[in-house]
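Same chain, two partners: chain A is paired with chain B first, then with chain C.
Take a look at the complex of A and B:
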């Protein structure tokens, strides 16, 4: 099967927007779902739905099997050692907040440091600022260069024994830069810091092995990897998770409750208070199957070729400046065009059926670094092809004519 | 027919000459470029509308019982939409601003821009215009 054949699996791509065939280039914000994911969610709702972990009846067993089956699929997908290391969350944001509040906040003292980078999404900045405000700890930011790559020497110089946690994106959402995460983790291991990787933009595009990476935590979202919204995963090393107190209290996260003493449930349930997003997890499991069947390496190879084509074609447009030109990139190209506000560009492209993201991409520090209020960002997934790129370029040319003085 | 309704009707007629979206946008962009200069001193946070992808600044003052608005955006299409709103609402009586529904948007093919779920600030600007007029009536 050719890589370009997978497009037919995604029903949402086969529609017209304002009289033009949809060209969807906003998968870094949210990817479309293939029929197998949509059907798995519908099938669960139609036939197997009940609450998990409690009932003795057949549907509750089926729901529990579907939910725990999805956890096992996710475990295998990122090669975690145990399925109890897979915590289901609402998304990457909740996974990071869980680590901030449950792992970091109880041990953080004034004078401690949290190390992040200039590339981070707001979700990997603000949760740390919140715990810094509460504890007097300091947020330290590693710099980037003009290509949008981390300055590794500077990052390594910022590592020391005051750093309690390194929180770093695997792939930048605004620029697509892939950080050499394996090398960075090896360097961080020389000190006594925990390591969290924000993998939201990585998992749809490359294979991830959390044991090989040796990170303490790895967070990602379902909806960026063709799964349902409101699903996400926190991977944590068993010993780390075991030592952490629960974050949210409620049903399912307890073994025994009285007014004087409550005994918490085992991992992973200790961190999954309340009825979980069962149908979402089922959909996420189907998305994992879908990616696995195609092969993460095949996806990465195909998308790399397409990204090169996208960047080359964009560069042929007069007055267009590529933002983010790292040597090692995944699936994203940001750009600005002289005299055209990104918001105006997005509006004119929408009229031609082309969906891109415009604005600050929840990464205002990155925008500040490049001294732009925002960028236009085209992002790719395995269902895009050269025709999408050609239509984007043609639509941009019409926009540049429209805005010519 | 009050002045606001009359201005709306004129605009709808003007836009009816365009039979495709590109011409409509070209005209809108031109209207935006012809907006009167907005003083740098007024480009301050107090005058900035929240919740827009582009930046929008707006000021209002009451002169001889009529409300004068001034506004600008850093985005061209939004500036054009501002020009449309100012044509309709600036220099009108507060009660006409408050009491006349903004039903011109659909007629000129720009309703998507005025939807409150759009993050372009136009709905916020319309709200600001109407709120200022409503407050001036209470004084």
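Take a look at the complex of A and C:
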């Protein structure tokens, strides 16, 4: 079966925008959800909803089963050793902040370093800046080359025993560059640093095995992998999580509370204070099932072909410059066009039903590196096809015609 | 008319020739060394960043206006046209034009407050109405004008 057949599973794709069939090329910002996800959430709300871990009644039992069932699906999806290593969060951002505040902040001292890269999303920059400000630690940034690839030698040079944590994206959201994360982690293991991988842009496009990677933490968002917004995951190695104090206090994260002493709950509940996003987790579980049924390898193979086609076609447009031409890429192509600001391009494409993202993509340092205020970015998911690319190209040609002098 | 031509025609309502002309060849596009007032305008959504300079005399007349920075066609054209538009104008009148422009773009049916004023060339921006996310672009320079004359050090933002 060709991948394009999956298009029918996504109701949002079947609509007109400004009188044109929607061409959705903004999945790196947020992916559309298939009916199975939408229905799973609705079905849960309709039939099974109650609070989790709190009641002896039937609905509470069903809600707990659904919620913990989703956790088990996520565990299997990234091949974590235990489901207690899967912490549900609001998204990647919250997962990273949890590690910053609960893992790093208590151990960080002045003179320590946090190592990141020039490719990071603001979510993998600002949480570290916050703890640096509080502790006097230093944020160190590994450089990239003109293709938008990490300079590995330089990154390895920056690794030493002062580095408490390496926080690195698996796939760049602005450029699509895939970092050779396995090699990087192996190198980092020569020192005594913890390793966090921001996998927000990786999980929708490739299979991820956290045990094979041997990272300490892996963070991702549900809404970029066809699940609901407000869902996300922090994977953490059991021993690391066990040693960390809770981040937020409240219900569910405790075993026993008195005014003098509180006993924290076991993992993963210690990090899940308050009533969680139960229906969201159920939807995320359905998204995991959806991806698993298709097969991450099949998705990656299909998208790689489509990405090559996209980049080739874009390159045929006069005055268009591809930004981000790494040898190993996933799903994303950024570009700029002479004389047309990305924001104008975005409006002109939207007018023709084509949705792309324009601007800095929450990666201002990447924009600064390429000396552009922003880029236009087309990003692919398994439901896109060559027809989408062709429509994008035709719409860009209209923009260049409109702006031609 | 083919679909493509129709699209171009519709888009020309937004990207009128006057706007494209100012975007391609911005007027008064330079620093002003002897500015009495200046302010930055930042639109975080699209990364537009403009700096406007004004020389305002003792009688509150804007003697000169210039700008620099980078932005989309709409915000660049708007800044360029602003510098021409307010040249020689009383500062308070300029602020009234800002209010009028804002109103014409966001609530065109409400009664006109500054009735005797005429937007003139600034009418070119009326096509922006159909594109709510772009109204900020069309008014960014005007926001900066307001913060410049109010001596507000903080960059003007459309947020």
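Throughout what follows, the second predicted complex is superposed on the first by the 405 of 405 C-alpha atoms of A that agree within 3 Å, B and C clash if a C-alpha of one lies under 4 Å from a C-alpha of the other, contacts with A are read in each partner's own complex, and residues count from 1 in each chain.
Just so it is clear, contacts are C-beta pairs under 8 Å (C-beta built on N, C-alpha and C of every residue); 3 or more make two chains touch, one makes a residue touch a chain.
From a predicted model like this one, the values you see are computed outputs, not experimental measurements.
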When chain B and chain C are modelled together on chain A, clash or fit: clash
Which superposed partner A:398 touches (first chain B, second chain C, both, neither): both
First, second, both or neither for A:344, with chain B first and chain C second: both
Contacts of A:231 with chain B and chain C, given as first, second, both or neither: neither
Between chain B and chain C, more extensive residue contact with chain A: C
First (chain B), second (chain C), both or neither touched by A:279: neither
Touched partner set for A:367, first chain B, second chain C, both or neither: second
Which superposed partner A:358 touches (first chain B, second chain C, both, neither): both
Contacts on chain A seen with chain B and repeated with chain C across the two complexes: 340-344, 347-348, 351, 358-359, 373-374, 398, 402-403
Complex contact set, residues of chain A against chain B: 18, 340-344, 347-348, 351, 358-359, 373-374, 398, 402-403
List of chain C residues in touch with chain A within their complex: 4, 7-8, 10-12, 14-15, 20, 24, 45-49, 70-74, 76, 131, 133-134, 137
Footprint of chain C on chain A - complex, ascending: 339-344, 347-348, 351-352, 358-360, 367, 373-374, 394, 398, 401-403, 405
In the complex with chain A, residue positions of chain B that touch it: 21-22, 25-26, 29, 53-55, 74-78, 120
